[in-house]
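This is the structure I want to talk about, given as structure tokens.
Chains: A, B, C and D, in written order; residue numbering restarts at 1 for each.
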């Protein structure tokens, strides 16, 4: 299996994602780690809540990995996404890519996170001291 | 300090590099991990030996970090390079970048590893079963 | 036809429930469901866009529903 | 002038030593050292390129050596 797709209810482990893609034949591993920021447009965020339509999210993440493996000359890709309540600084998503050549790994990793944010049915709600908002739901 | 530059005689720790750049204000962290491959141009590599002109290597790596911080809108960069004898699969270099926006982090990380390979006085020797060669020394 | 529709995120908030049954004419399409939703719950018009998944795949407006389809309203996603 | 020159990687192998003293005319330049090296150790001509660092900075051929300079032969690097 050249891809690993997982949804987690517990904290993500970057070492796990990295080790899943590492291979003695590959010189380069690129990781993207998306963390919860403490503010959005200058307003303090207390925490985030992620929910997902899980079976479809897994399928869409798998599509991204398969498409990445086809389009770029990469070796393996892992996509791990966290769900539930996340505190500031916790990791929401980790994408790990190994490739014989690092340029392909960088391109594939950027493509995967860009596409994930467009297509994967996961939603996050930002919780402020005075309310909450579903991110990017309205114009 | 927005950059951390280190040469290590012991195994690198990706978590250390990542934690050095992570910040509650930054949503994205990009890591590049360069590992020792088991073959070069189809020939089996037994191990690698890295050596360095240390004071200049540290200065050149620092230049890369400072230039990256100026050119790209990133928050922090760590560059850790291993020296000595490395076994297959061990990490030779780790570059970690945090940024408010992930595109800047990807660009800065790719720029840093590209430039490191051009300018930093570190040399690696590939050890084969029937000899050894300084990598990229001759045309 | 009876259509069981699931909703997540802001779509669930607008519907007031994670699952709602709709009674639509036979051979209704995804586009018909969207029209129905916009009429019954005008707040949907305030979203950046509105998608519908049928059996875990994004479905175009022309797709015709079958009785056992798993139908889910997909408001703008925001993972990552 | 006496110039103490350090060498790493394949440059050390070619010199046969990590540190060699050269006796160059006063006010010699980086370019003069390179010429001297190529004459005395023709194997340097086989490298992809050859750089010299003076006091931890890459130095152009026009740079004039001073007595206390730390001079290092920098063969093609291969870190990462």
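The rule we apply is simple: contacts are C-beta pairs under 8 Å (C-beta built on N, C-alpha and C of every residue); 3 or more make two chains touch, one makes a residue touch a chain.
Just so we're clear, the structure is a prediction, and the values are computed from it rather than from any experiment.
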Next on the checklist: As a test of understanding: of all chains, whose mean C-alpha position lies farthest from that of chain A?
Outcome noted: D
Next on the checklist: How many angstrom lie between the centres of chain A and chain C, each centre taken as the mean Cα position?
Outcome noted: 26
Checklist entry - CA centre of chain C versus CA centre of chain D: separation in Å? => result 72
Item to check | Between chain C and chain B, distance of the C-alpha-averaged centres to the nearest whole Å | outcome: 48
Checklist outcome for this item: Touching two or more other chains in chain C are residues none
Next on the checklist: Can you pull out the residues of chain A that are in contact with at least two other chains?
Outcome noted: 34, 113
Checklist entry - Between which chains is there touch? => result A-B, A-C, B-D
Checklist entry - In the complex formed with chain A, which residues of chain C make contact? => result 6, 8-10, 13, 46-48, 53, 56-58, 72, 74-80
Checklist entry - Which part of chain A faces chain C closely enough to touch in the complex? => result 34, 50-53, 55-57, 59, 81, 92-93, 113, 116-125, 134-139
Checklist entry - For chain B, which residues are in contact with chain A within the complex? => result 14-15, 18, 22, 24-39, 88-89, 100, 102-103, 105-106, 109-110, 113
